[in-house]
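This structure is in structure tokens; I'll ask about it shortly.
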């Protein structure tokens, strides 16, 4: 395995291991610059009602940047709404790829395990490439893989919380068992969180608020990109073990008797 | 403040914020490659008895790589030995810069606060540019600055332990009060540790074992370099605050009624 | 609210907030002593095939100790097996109470969210008092309460792992929303883990391996009982806030000028 | 070793392993009640200028409660002031015992390593039983023991911060090497912090603000007392090891085929 | 009366999806748009043919920034 | 042939649940015991009446230490 | 003039420590009190004998709540 | 007898530092080398002049890999 290996999801190669969420950017220019600096190839969008007043340029910005759209089902609380939203997204964006979100609680925006699994199964049957946003529950991640999801996207902590990876052990358990890519989604707050995700063995990181709501979004896009790359390199480089006591980095032999 | 700003220690500008320790590399070729990939401009060396048998090429390797030598006083347990070792280092390497180590315990290789402070004061008086390896004690860091040290180098955890930054709060307290550069020294095990150090406000990271004893030292050199750069960028970009609950990254207004 | 308030589950009052698991005790005498020192009123048992050879004294020990039996469905991987096991337990022990376990993975013994929810709903419909062993997923905990469970029993970490509470934030979120008792089940390794569970707002702790597999099980029973009591007292006493800097506990006014 | 073993400091036996600081209590009645419920036998006091206005009842309260006074040198920033304060305390309270505090920074109230060591050495030479409040630096703790301190009292985190034990590894290293009692002083915020201190191997806990500034000080006194006792019991009981994966607490053999 | 994106539209029963989209300033060839009528997707190819019955709920959606 | 707790038992087709329990040393009045035949609970009250057909899978369970 | 606990006291040069303590409402037998004059402890036994010179700094201390 | 880097060297009392370095294969112009005699640094410039007395402890050091 090498750092240069592309990320492969459903047979498609991605060189970038950072997927960018477009939510929360104050201005489209900022989003465009963040896309450039993040080197993301895939960015998420939501489906919302057409607003005749709204300047209709988001899709143009994405086209100019040459990135592909990964529509999400954000805002759906039932499998039925999520499936229909995915069908509409396929119609609108001519892509089978869908970031599946089925939320169970408005305050935490955490996924609803049962509804999520039902929706995933239906969408796979309808030929979608399903990337589910899920909890850090290793069993649920396994079930999602079993029903045919193309990747699993466990959270580190609640969406937009910036709390990082609350339970690295669960992420590690998910990675140990997964045979599809594991993409850490939600919770990343800064570069070290992204690095940790990759060091735990995640194949990629999806990040929105940490970048879009930072004081300087383009700078944070670079920061988190560097974190992702550093974390992946470190994973492949084989880190030293942790130990309670010290291990000298300067030799004791040859020490002068002063 | 910008990510491009150089690190300035005792009036000298360094573009790289990663200082490399040369200890623990299995072969000089590996060290050379790690230096190249780390982009370090400053590397530490120890002073030991000349071994007629030993091929005498370390200094040549460093010269070829165009890096400057930062001699250390590793292995010294008293102020007196550390001061004499610093004087010998100045004679041998024609540099006033010294990484001051005064160890208090063989098992943890933790600094001896009192001896360290005594040695620092004497060396400053003798015109040395003193970079002391210290504990994460904010008061001791302040005292070292007060006696004229050019930087303070608190540990994250014991040398070679790979335990990362055991007490980020202390590092934060040191950074809050310091008016000289703060360089995290010892304990870094992987890229996310280096990123965290910079996010806490450190000005640079000194790293030896994490790179030299990794399974693939050159790859880890790249990884930790990326971690340092990502962490610094993130610090400057202004991270989002941490919060217990979620904050939606997709808008609820305009949500379809399906 | 007072420390003396009993724990009320399904209308039944329990003075002890420590529920003891009987698994893993080397000898029945040790179990009996641990029950006495834990002050538990409720202890779990599993249902297994009758072994003609086995001395049939477990139930006698429990009867002597005057504790009530909480049968579990340990070892079940499907809702169907769990429901049938619960029916058999009701027949065997003449209790409607059931600790519902539906496991999704042999290595982690983590719950299967979907099967667990299905089984819970069926058992509630059959008049059982259902205490489900669940993940630390706040949404799943809510769903279990919605289908009529008498309590929710989130894990701190995998059964027998002794890893404590890996994600205190999730436990806190569960407690915030729950209107049935929250009992921390699985993961407790020592007294401070039990105390933390109660400080987070849990109503009780269920503990087996930490006690039964300790070097001195009866002593650990006392320890964890003290942890549970201390944690509950601390929760009710209203702890001081955490702050980065110090707050003097000795006054500065009236300080002598020496 | 047994839970019933008394704590022995300088040849004196203490049954209680919780030492109470008297600072921060809103009223003397509350202090009196907290002393009773904490079961402390030793309580700290500060020396301040006599205030003719002030009702002079603190010492009476302590006498009524039958506890012994451990005077501190709080507020001293130099070895000289601390030594003189200790001498005045000996004169005022007719005790050789002194809780030695030499502060290095007003904001963090962290100890000044060098001044602390100097003061400790002088006071030991003058026949004091010296209990130094120190950082969590294992080397400094060792030096304090070497100069004859009767115990070492490392902090968990800054005084009154309620941050608990920021660096359990250092406390563990101090305990490993110490041959005098180790008393965790400062930082405890709640019962689980006190339990953790004892589980790490500390011999006792000194606690002021966590109790005196809690919403209900007497209740918190009980809570932290229980935490100390639970933590000590757990340490002696021999906890189970931590492991990433699960270990079943219900047997798989004899499982029914339903 | 028809419900278009949650707003009542009167006197337009029987108009086509394409005509409703025109109301929203969306030309037929527009990319990045999808329509559901009473919870069913109406494929782009049917927009001009498909008439919308009275009382129908029409949702016309497009891409917005989202995480 | 009958399956009792996973073991084959021959020449006992048609015996009652109570008789099978006796095989396991369990007297009829025993507490803490439950029986399932082919995935159905057999209530204590039916043990003496209920005959077990050939090929049936009988599970006779009791309390064991468990977490 | 004498400094007693940071406050100037006039016209009392040469008084004894005991007399100064009386100023503070402290009787000679009081427990839990200690006195330093110009940075030196004055033992309880010398309070009545020891006269305090003009300009001296006297600190009279007692127990206060402290952590 | 002289102690050179912890090893006894006989029959060389009074030789210069430079001569001792030659013993170790170090030519006078060598960079990255420093010498202490009895705990005092001998500057490079004095190597050829400075004679080492009998019983002296000489430490000749150079750079080694170190953290």
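Read from first to last, the chains carry the letters A, B, C, D, E, F, G and H; within each, the first residue is number 1.
Note that in this section contacts are C-beta pairs under 8 Å (C-beta built on N, C-alpha and C of every residue); 3 or more make two chains touch, one makes a residue touch a chain.
Computed from a predicted structure; not experimentally measured.
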| item | value |
| --- | --- |
| Contact distance in steps, from chain B to chain F | 2 |
| Intersection of the contact lists for chain B and chain E | A |
| Interface with more contacting C-beta pairs, comparing D-F to C-F | C-F |
| Rounded Å distance between chain C and chain G, as computed from the means of their C-alpha atoms | 62 |
| Length of the line joining the C-alpha centres of chain A and chain F, rounded to whole Å | 54 |
| Intercentroid distance (Cα basis), chain H paired with chain B, Å | 32 |
| Between chain C and chain H, centroid-to-centroid distance (C-alpha), Å | 71 |
| Two or more partner chains touched - positions in chain C | 21, 23-24, 46-49, 72, 74, 84, 88, 108, 110, 159-160, 163, 169, 173, 208-209, 244, 248-251, 254, 256, 258 |
| In chain G, residues with contacts to at least two other chains | 5-6, 36, 39, 59, 61, 64-67 |
| Partner chain F, residues of chain D touching it in the complex | 248-251, 254, 256-258 |
| Parts of chain D lying in touch with chain C, wherever the complex brings them together | 3, 21, 23-24, 46-49, 51, 72, 74-75, 80-81, 84-85, 88, 107-110, 158-163, 189-196, 199, 208-210, 212-217, 219-220, 222-227, 229-234, 236-256, 258 |
| Complex interface listing, chain G residues touching chain D | 5-6, 21, 24-26, 31-36, 39, 41, 43-44, 59-67 |
| Touching residues (chain side chain A, partner chain E) in the complex | 21-25, 31, 44-50, 52, 56, 58-59, 62, 69, 71-72, 74, 84, 87-89, 91-93, 159-160, 208-209 |
| Interfacial residue positions of chain E with respect to chain B in the complex | 5-6, 36, 39, 57, 59, 61, 64-67 |
